[in-house]
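Heads up, the next two complexes both have subunit A, just with different partners, subunit B and then subunit C.
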Partner chain A sequence: MVRTKGYPEALEKKLHDQRYYSEDSNPEFTKNVKGISRTIAHMCYQCGTCTGSCPSAPRSTYRIRKFMRRAVLGLENESLTDPDLWLCTTCYSCTDRCPRDIAPTDVIMAMRNLAFKRDIIPVNFLKTVQAIYSSGHGVPNNDVNRAARERLGLTRDPPTTHMYPEYMPGIRKIIDHYKLKANADRIVKEREG
Partner chain B sequence: MAEKKKTTAKKTEAKKETKHEAPAKQETKKQAPAPVGSTTKQEARIGVFICHCGTNIAGSMDIPAVQEYAKTIPNVAYVDNYKYMCSMPGQGVINKAIKEQKLTGVVVAACSPRLHEPTFRTATKEGGLNPFRFEMANIREQNSWVHMHDQEGSTEKAKDAIRIAVAKASLLQDLFPKAVQVEHAAMVVGAGVAGMQAALDLANAGIKTYLVESTPSIGGRMSQLDKTFPTLDCSQCILTPKMVDVGRAPNIELMTYSEVDAVEGYIGNFDVTIRKKARGVITMAEGEARGIVGGGCNGCGDCEVVCPVVKPNEFEVGMKPRKAIYINHPQVVPLLYTIDFNSCIKCGLCVTSCGEKKAIDLEAKDEFVKVKVGTAILATGFDIFPVEKKTEWGYKKYENVVTSLEFERLICASGPTGGHLIRPSDGETPKKVAFVLCAGSRDNTGNGKPYCSRFCCMYSLKHAHQIIEKIPGCIPYLFYMDIRSFGKMYEEFYYRIQDEGGKFIRGRVANILEDPATKNLHVYADDTLLNRPVDMEVDLVVLAAAVQPMEDTNRTRKLFGVSCSMDGWLLEAHPKLNPCGTTTAGVFLAGVCQGPKDIPDTVASAEGAASAASIPIHKGEVELEPYFAMCIEERCAGCGMCVNLCPFSALALVEKEGRKVMQVTEAKCKGCGTCGGFCPGGAIWMNHFATPQIVAQIDAFLLGGEQ
Partner chain C sequence: MSEAQHKFAFYLGCIAPNRYPGVESASIKAMKKLGVELVPLKGASCCPAPGAFGSIDLTVFYAMAARNLVLAEQMKMDIALVCNGCYKSIWEVNHKLKHNKDLRDGVNEVLKEIDMEYKGTINVYHTAELLYNDKFIGVDKVRNSVTNPLTGARIAVHYGCHLTKPHKDREFEKEVMLNTEHPSWMEELVAALGATPVEYRNKMQCCGAGGGVRGYDIVHSLDITNDKLINLKEVKVDALTDICPFCQLQFDRGQIEIKEKFGVSYDLPVLHFAELLGLAQGMSPQDLGLDLHGISCEPFLQKVL
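Coming up: the complex of A and B.
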């Protein structure tokens, strides 16, 4: 719901109606986030321990506290369409320290799940899905790495699907079960042609 | 269902043919009506009074339906309802009905007996019946409140509750409370500001008061503080006059370095055993008693000078040394040295330097003293939460992270640094100080305290003021979640500190890291008002640590039969209407042992406790609930099993007519029913909870009112 006053574009953006309204708040969203995250997402008292602990916050616009606030209020669209949602490194520092014993990391994961249902997801995440589907690794081994491993006296490939490709069908079966690869391919194709 | 069972166990039904009715007005004050077999021909006539409690009850059930049903219950002679049964007109309804309907028992269906049993007993008495012929059916806490959305179910449950209560009321007997004498003396456990205030009030009211303190000096936490908010009085300056008063008051018997070891008895007659820990030093009075002319400790300190053992001083939170023979600070009351026998090497140098005063006894042993008191006040205080458990703030890992109590000693003129605030790492004066509020409070992780410690906001404001005042150019940064300045002149104090230059950052501190080279600290937090993370480099960090009950509180409370809540604070009888009382008659609470309090609230609570504790003493006698056990001697086989089971040592075996029978000391009996439930011969009659009464209640519930 955009309420503007008809100024030129740059100014108009600045003069957007900044308020949120009761109809922006969806109690079902809070319930869904709680259900998926299995944490008390509605109990945040906004102390900021999470953002203070966050390695992403000092070098990005990502504010985990802001997402916690949105979870409390049920601000669904605002949460799911904010690109910052994808800047969490899932390091769990906030979860370690939250004095209310909430798991903010899991709240972010729940929101990402809900966003993906609406096809909201950065392409690089989908490329990771494709990489795992083809190699079993989000970041497959490469020649630079292989050389480094050799210098350190390690095998050229780690003892994973790289060394045991016979396990790949199992991994693909799991991914296919959730139609993850199919959806990733579809969205990537839509965006990149 | 659980509630129903509970109700069943307490109340009863009446369609048993036997009526255990004693004559309505029994004259004998000495003995309650004879138990089993004392059936009378008098017909039970029970009045049932249903309370709406506004909409509390009436809003969740069909009162007319309940009333119509009640009329059909056997023995019910009269039924009425009223909007507020506890109001004066409501009580009038009961009073009038007793007289006009010649009732023999009263059932009020309303709230919990904890709330209004006394009210309705009085109404019953005013109607001309023995007050113990009243029975309550709880249709609010155990019904309408929990079944708010089940009109039909709550109506049926109310019918059950009333039927069960009528069953018991039909079998109730006249009972007469026992009066016991109250010893004209009181005990206060803990001599911090709460205990001292309570003891002074009791003593000034003419009551002999034993003040028991586990450390060598009175004064408690308040004596460790530098200044007090919001008036900025010097803590010692306002406390020491009280300490001196306590030391001098003729009615106060001060027992420092002593602990409560055992408690026996009941309100009016507590027998308390005090362990006087081996102090190794005798007072001048004791010296005189031992015939040493001019002997005993006069506090000269010659012993301390020669003592070779050095230990950390607890009063200075370990930041100053003391000897194995010590006083903690110059203003101790009593001025009497103490030997720490855990570190004393018994070299005897102190004995030599004490000389003719002969005040030191290296072979001293713990002594036990027994005193009798009428009432007791617990004022056991608090300790600091071990904030090193929150590893992210680095307490005990980084030298320049201190607790608020350490800060108090560092800023105090009589403290280890003479009042010069320094960084522990290098002795430099800090120019930037971060205060971490809610350090361990409001924390639900299980590795902290879920409650608000209540006075940390205010003392942190005071700390900010102190550094601004003492160190020109020094900036205090207060990292907070909410500033809770709730008291009189507290919000004004907050205004003042902000005006003086205190910087408030709304964000809980996420973690603290030390720069190994400078020992400066980086404080990481989210400035939630700016929505930006902050990395603040400071010279010193002060953690406003949470508070928790003293370690020994749990042992002490068990001796006095006092409960505690989940967080360990002692449990008051009612959080709003009886905050100083406990569920043990004659035992009261003062100060922080009941929950975090600042000094004004602590003193107010102490005065409240002293007032409450003095009432039974001034009355001279107290009435005990007549719920004691009685022995039916012809059935008693004298086996003595009950004697060993009784948790209150109220029972004994005595010789009567050539055989052994059990005898109850009624004042000691709490009516718990342990003996009655166990007795293999059914020889024990529990007044007011007698077997026929309880069986009738169970029948009333199970048979659903059928004959």
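Coming up: the complex of A and C.
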């Protein structure tokens, strides 16, 4: 570090810091978002192409550009406790158009993953996990559909885990490896009793 | 009937087989007429849902998608599928695992517990892509297979998001499929069936269902759908066609929910392209299970049958 100004050490340090931050910054958060998302949020120059492309923006306070800034600044609490985090439809229009080749959608996905680690997650997401754990399908078959399938000359159940439940133990083993089902059950029970 | 020139493991997903089974039966029958055999991918599960499942834990998402890929690897067959959401999971995870050793090793550590190993030996295709790409089928062959041209029907296309976006990561052989701002390759396929493809405002906008938003905030999600329906109404189409059963659910059942919640009705029939293709090749509406749709297809059918 070149020291030429003779400022107090703390200020010198701050002036030479390559990272922008505020009092609430958590550098670990920036690092974790980068690790999970595998994209380069720090390249963002805040042009707003992402928010301009976002189908959720015109009907809510969700601003993807704001989340991009939060990722760079390491604003963990602000990001993870904002209910707008869950309004991204993952249409990837922002990612498609980003002039800096960043994937803002994947930044959102990474933040959602980090939120889940703190039990911050809307229940509907967890119910998908529970459904897949029980039948292999997020949207399982039902009797009306079974009758219709038969009428169309198809098997009553599709040749998926529905027809071959012997594949279910393998699927459950994968989900249990990460304790995902146990965590989903616990959180759903806490919320819904 | 000629022998099948191409064979694929048919990855079904959830919504096609469990809500719109006509998409499954039409795909199998129509593709067979075009020289493509779709073989059941036994024991496949949910892809899993990229928005809902991926938002929770991407590591588990990768492992679950990899298991589906391994089933096809064991059959030594490439995968064909009919849903953009499934494409996002199955194609993209295949792509990521092929190119990132750290991800692949992580996934294989878990798959070892169930005696599986991801090797990266197969490719993944959407049936729309197979139909458009003359290496497999191509527009001309589609046109030649039509016995009941959908003449006079004005049809708009909903491309959906996850087949082509983000285009920077996609690897279609057909360059035009990488145009995500204003593509027209699906319109070529619609025209090949004898129908008139119709453009509309903000065609590439999302249906609003993805990312878990449909489950998280249904009104927000439907408001996005409603936006598209307003633009579609403006151009007076007889039907909307899609290549994603989840988008189809959002537009079809969604219109019923929109009527309930917003008090507006459109009665716009919504058909997967496989269903349209089936009709154009002479399958009956009964064979296609069109009566299972939330919005009646009758006015459209009267025009084309």
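Note that the second predicted complex is superposed on the first by the 147 of 193 C-alpha atoms of A that agree within 3 Å, B and C clash if a C-alpha of one lies under 4 Å from a C-alpha of the other, contacts with A are read in each partner's own complex, and residues count from 1 in each chain.
One rule holds for everything that comes next: a contact is a pair of C-beta atoms (placed from the backbone, for glycine too) under 8 Å apart; a residue touches a chain by one contact, two chains touch by 3 or more.
Bear in mind the structure is a predicted one, so any value in this text is a computation, not a measurement.
**Q** Pick one for A:Asp101: touches subunit B only (first), subunit C only (second), both, or neither.
**A** both
**Q** After superposition on the shared chain, which partner residues are touched by A:Ile121: those of subunit B (first), subunit C (second), both, or neither?
**A** A:Ile121: touches subunit C, not subunit B.
**Q** Let me test your reading of the model: by the given contact rule, A:Pro159 touches which partner, first (subunit B), second (subunit C), both or neither?
**A** second
**Q** Would you mind checking which one, subunit B or subunit C, touches more residues on subunit A?
**A** The partner that reaches more residues of subunit A in the superposed model: C.
**Q** After superposition on the shared chain, which partner residues are touched by A:Thr51: those of subunit B (first), subunit C (second), both, or neither?
**A** A:Thr51 sits against subunit B, while subunit C stays out of touch.
**Q** Who does A:Ile36 touch here: subunit B (first), subunit C (second), both, or neither?
**A** Second partner only.
**Q** For A:Tyr21, select first, second, both or neither according to whether it touches subunit B, subunit C, the two together, or no partner.
**A** In the superposed model, A:Tyr21 contacts neither subunit B nor subunit C.
**Q** Quick check on my understanding: which residues of subunit A belong to both its subunit B contact set and its subunit C contact set?
**A** Looking at subunit A, the two contact sets intersect at 93, 101.
**Q** Once bound in the complex, which stretches of subunit A touch subunit C?
**A** Result: residues 36, 55-56, 59-60, 86-93, 95-96, 101, 103, 105, 109-110, 112-113, 116, 121-122, 124-129, 131-132, 136-142, 145, 148-149, 151-154, 158-164, 166-167, 169-171, 173-175, 177-178, 180, 184 of subunit A touch subunit C.
**Q** Write out the stretch or stretches of subunit C touching subunit A in their complex.
**A** 12, 14-15, 17-19, 21-22, 24-25, 40-46, 48-60, 63-64, 67, 110-111, 113-114, 116, 161-162, 165-168, 180, 204-206, 208-213, 215-217, 220-221, 223-224, 227, 286-289, 292
**Q** Any idea which subunit A residues touch subunit B in the complex?
**A** Within the complex, subunit A contacts subunit B at residues 45-54, 57-58, 63, 65-66, 93, 97-101.
**Q** Could you pull out which subunit B residues touch subunit A in their complex?
**A** Touch list, subunit B to subunit A: 392, 438, 442-446, 448, 481, 506-511, 524-528, 531, 533-535.
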